[in-house]
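Please find the structures below.
In the two assemblies presented below, subunit A is common to both, partnered first by subunit B and then by subunit C.
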Partner chain A sequence: MNKRPLSFYFLAAFFGLFVLFLYGPMIAIFMLSLQGPDGTLTFPMRGFSFYWLGQVFQEQRVGSFVEAFQRSLILGIGVLLLSLIVSVMAGLAFRARFRGATFLFYLTISSLIVPSVLVSLGIGIAFQVLGLETNWFSSGLGAHLTWTVPFAFLIVLGVFNRFNPSYEEAARDLGANDTKTFWEVVFPLIAPSLIGVGLLSFTLSYDEFTRTSLVSGQDNTLPLEVFGMTTNVTSPALYALGTLTTLFSFTMIVIAFIGFQMFSKRQQQ
Partner chain B sequence: MNSSVSASEAQPTATAKLQQELASQAVGVTLRAVTKKYGSFTAVENISLDIPAGSYTCLLGPSGCGKTTTLRMIAGHEDITSGELLIGDRRVNDLPPTQRNTAMMFQNYALFPHKTVWENVEFGLKMRNLPKAERIQRVDEILEIVGLTKFAQRKPAKLSGGQQQRAALARALVTRPQVLLLDEPLSALDENLRVRTRSELRKLQKQFGMTFIQVTHGQDEAFALSDQIVVMDHGRIDQIGTPEQIFQMPASRFVARFVGDNNIFVGKISDVLQGNQYAILRLDVDGIGSFLCRGQAADLGMTAACCVRSDSMTMTPYPPTDPTLPNQLTARVVAIEFTGYVTRVSLMVEATGAELTYKVRSHDWIANPVQEGQLVTLSWTTENCVFLSH
Partner chain C sequence: MYKTWKGVQPYLLATPQTLVFLLFLIFPILMIGLVSFWEFNGYTMVPGFTLSNYADVFTEVSLRTYLNTFKYVVLVWFFCLAIAFPVSYFLAFHIQNQKLQIILFLICTVPFWTSNIIRMISWIPVLGKEGLINSLLLNLNLVEQPVEWLLYSDFAVVLGMVHLYNFFMIAPIFNSMMRIDRNLITAAEDMGASGFQILKEVILPLTAPGIAIGSIFVVTLVMGEFITVRLMGGGQSASVGKLIQTQIGSLQYPLAAANAVVLLIVTLFLVAGILRVVDIRKEL
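Moving on to the complex of A and B:
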């Protein structure tokens, strides 16, 4: 018979613990957000209702989740698009080896190593020196891009690494110019991978905290709003917000996954 | 019933029209002292080559010999470092691929995986902004010719290797190129299909009277397809000739070794005689014997080589009837390999350790076999012994 070695049980137990630590807190928050109207921040649960989920959409004493969510959504989509455009263009540029490519590569990647709070501080100071007002859609957007573009760039490099250049040569051989070659051949072939790049950029932006913290200006993004409320709001509305944003993230992943499937299927029906 | 009749009637006329158009515009390709350098590395060195219009030329050589680089320079996918490239009588060095009137069939075909066969074939016409009606007519016509009409709406991944090859061919031919460039077009196919596709390619080339230039590392393929073979090594041309010339008169040790199953002997020239059509040279090979070979005049005392094909030797039991005759040697049978039609015998000259190959029709071998370990005499005629100048 297939007798499993002892190590299997040790490793399985370890993995079980890992899953518990990963999803345990999330499940606790789900549960607490589904309490009745007189629920508190801690167990035991007091009743069951969707009251607090509804509460999220109401104006709070210290701010509005809905507006913060809208800002984060718009910012995330902007970051997604900009990251995609910049990283694909950079990826194309890096395929043709140019002078200083290695230096530029490390310069780009180093943005991931520099402590986030320093990046935020630096952008804040730069804006101050230039006499510009910090805003989530200007300095905040820039701060997010310092985080998402290097990641997107790294993935796009990998995508192009696996891209067979003879497709482009074939296109050129058949009379396509550079623009047509890109839109007719290169883009459709890398599109499925770009969905992943886009999703990553969006999620990195959507829950970015440190880099945004000092440069979001007057209005908060969602993570900043949530953080602000942990000190002020004492109702399960906070948990309800956690539940809703988690659901939102899952929805994004499902949409991206379906998009990826559709693209891949179209390529080999 | 009716539709099948009209389809079979439509095909010959479409083919005939295309045939006329392609044959009338076929041009030759000329390379003059063409060199390609990558930094300090020279991939192709100073090659000059004439490829006649309507001929099938194979660039033959091992990987890294510069044959693919040469093809890509003709196609315009690689810059030419120095020298001149002419297609017809136009100098095309600085023209992009599209303006050279060539079409390339890539290794592994590079069919666009996200487009159907029809869209793949249409691509070149679309890029040339041809009107839709003409595109439809031309694509349908060429798919008919290569026999892919039924598969027009499939994606390349859903085609067999042979069908992919034909789709790639259709995509290259639909733009009516003057020269078709083929980069190892058969290497992705299995053995059986390769032989069949090979003859289809040759048939198509003859039918359309087009100039085909193909890169290959297989001598069988080059022999079967070519009007002209260009053997390349280390970025240079070693020999240009018809398959028969390359086979019977290899010009160098490299060609003799590469086109297979030649026994090569290195020695000193001890005598030069004038034959009817060529010089006869006597080559003394230490410890093996003295051979007469045909070739060009050469200096006495020069170190040189000659080759004898393993299938043009005669094996007789040891000892030789007349040991004073030239063109014979004594060797011991080391191994016998039955490969079907042919039996390969490996031998060793005991005095020097030199290894030889002898090939014989299995039918003849079975009638007159020799055991492993036996001493034998191998002999050949001067006609079959070729002098190699380098």
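Moving on to the complex of A and C:
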């Protein structure tokens, strides 16, 4: 093996600092959320306990966190399912030529380029002009889809680009119809990638703030609830809440990763 | 019968996605355009036609807000690029073990999957008046008084945004670099090019599309940004996004809409400018 050039060590150090920059603050709040009951918002740590993690579930401390969490969870699952269905259908359409394909492609991409605050304001105004009530499960859902579907669609396009059509042709030659070919041949092959798409859609929705901010209606999603707390909660309960939601996100990543591994393994057999 | 079905099928499959964007993107933006000409009677918006909302956008106060937003855009873009390029370069060209490469890349992306708001809150114990940095500086006797401008300042806003959005720069640049044919670099080495020449003449041009895609993401994210400005900025920090949000807070929808239209046009110009410099079609 070659001797490593000096630039390697220099860049490695830079990379290390970058990782510290990314994770340092997060680790700080993890630690601070494990303080004793007289903990404050800053170091040094005052005692060690799970007191503040428990406080998150006490309504008087931080408001109705559990309900907001449930809403975000349901919304995330809805967004996940819809993003998958919509983007896989569009991905299938893009494998054939059709008029308007370029238009739909740029329309989808443009959704990523339009500043989020416009989507939120626009949907808010549209609902108001039409005399509809905004709600996290109607206008909020729509706002989330404008953010998750483009990512899902781009990944699905990439997946189909690498997809070998001869499997489908074989299935058709054996007499399978379109539906059967999709569910028994195409779907199992793309399923591992779809787990990634699903995870991305879910977490983008679960953490989304700007696009939801003006259209969630009466009831807040979790990020909106947390945002509200930043102004009036001045105890480590705020950090504890941050720790819990971050751990939840990590759990989702791990579950998706295990699912991906399991599917890939089954495919190889 | 089968043939017509084959012809119609892609249209049916593409319909849901088209509907999502027509209903929740195009129609709302058209409504913003319409409402930006409406009047505001003190408590609600009334249909009508007036240009006074746009006149308000071009007053000195709001022009200064736009300038301040550009300042954030330029600074955040610069620092994201200054971080993302070396980090991606390190991952793509210095790490030979593929498994390690994937793991290190994932380490860079995991924070992106967690809540932006939590990530910003987590700067409080680090940057605050009694935070880690200040206690370190005080202990080393580098300063007499805690440094105040670390949090709730323009510095904190830029830092927060770089922290949130560097992922959008790293992912496309890393992707571009991974696609570079390693034989090109070997060929350049054989012809006697120095490390710096390879970087400038081979890697940089081939990474340009990735840089462009990352830049488009960062620029559009920062242009409409308001939570970071709210949470990390002081009273002085202003951005167009925050301005729009404040106007909505006081129910001045027509005014907010006019600002949104101008914001959209400015953003599209910036994106068009980036696309003129770099051709990204190969990447799509």
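Convention: the second predicted complex is superposed on the first by the 262 of 269 C-alpha atoms of A that agree within 3 Å, B and C clash if a C-alpha of one lies under 4 Å from a C-alpha of the other, contacts with A are read in each partner's own complex, and residues count from 1 in each chain.
To be clear about the criterion, a contact is a pair of C-beta atoms (placed from the backbone, for glycine too) under 8 Å apart; a residue touches a chain by one contact, two chains touch by 3 or more.
Model, not experiment: these values are computed from the prediction.
S.K.: Sticking to the clash and touch definitions up top, decide whether subunit B and subunit C on subunit A clash or fit.
M.R.: fit
S.K.: Applying the document's definition of touch, where does A:Ile123 land relative to subunit B and subunit C: first, second, both, or neither?
M.R.: Touch partner of A:Ile123: subunit C, not subunit B.
S.K.: In the superposed arrangement, does A:Ala237 touch subunit B (first), subunit C (second), both or neither?
M.R.: Neither partner.
S.K.: Contact-wise, after the overlay, does A:Arg172 reach subunit B, subunit C, both or neither (first, second, both, neither)?
M.R.: Once the two structures are laid over each other on A, A:Arg172 reaches subunit B alone.
S.K.: First (subunit B), second (subunit C), both or neither: which does A:Val86 touch?
M.R.: Touch partner of A:Val86: subunit C, not subunit B.
S.K.: In the three-chain superposition, say which chain, subunit B or subunit C, touches more residues of subunit A.
M.R.: Of subunit B and subunit C, the partner in contact with more residues of subunit A is C.
S.K.: Considering only the touch criterion stated at the top, classify A:Val185 as touching first (subunit B), second (subunit C), both, or neither.
M.R.: The answer is first: A:Val185 touches subunit B but not subunit C.
S.K.: What is the contact status of A:Val114 with respect to subunit B (first) and subunit C (second): first, second, both, or neither?
M.R.: second
S.K.: Look at the superposition and give the distance in whole angstrom between the closest pair of CA atoms, one from subunit B and one from subunit C.
M.R.: Once the two complexes are overlaid, subunit B and subunit C approach no closer than 8 Å between C-alpha atoms.
S.K.: With the touch criterion stated at the top, can you tell me which subunit A residues are shared between the subunit B interface and the subunit C interface?
M.R.: none
S.K.: Which bits of subunit A are touching subunit C when the two form their complex?
M.R.: Touching subunit C from subunit A are residues 5, 7-8, 11-12, 14-15, 18-19, 21-26, 28-29, 32, 41-43, 85-87, 89-90, 92-94, 96-98, 100-101, 104, 107-119, 121-126, 128-129, 142-143, 145-146, 149, 153, 178, 199, 203, 206-207, 209-210, 213-214, 222-223, 226-227, 230, 238-239, 241-242, 245-246, 249-250, 252-253.
S.K.: Of all residues in subunit C, which touch subunit A in the complex?
M.R.: On the subunit C side, the touching residues are 6, 9-14, 16-18, 20-21, 23-29, 31-32, 35, 83, 86-87, 89-91, 94, 104, 107-108, 110-111, 113-119, 121-126, 128, 130-132, 135, 163, 195, 216-217, 220-221, 223-227, 231, 241, 244-245, 248, 253, 256-257, 260, 263-264, 267-268, 271, 284.
S.K.: Using the touch rule from the top, collect the residues of subunit B that touch subunit A in their complex.
M.R.: So the residues of subunit B in touch with subunit A come to 75-77, 96-98, 102-104, 106-108, 110-114, 123-124, 127-128, 155, 157-158, 171, 175.
S.K.: Note which residues of subunit A are touching subunit B in the complex, please.
M.R.: Checking each residue of subunit A against subunit B gives 164, 166-167, 169-177, 180, 184-185, 188-189, 266-269.
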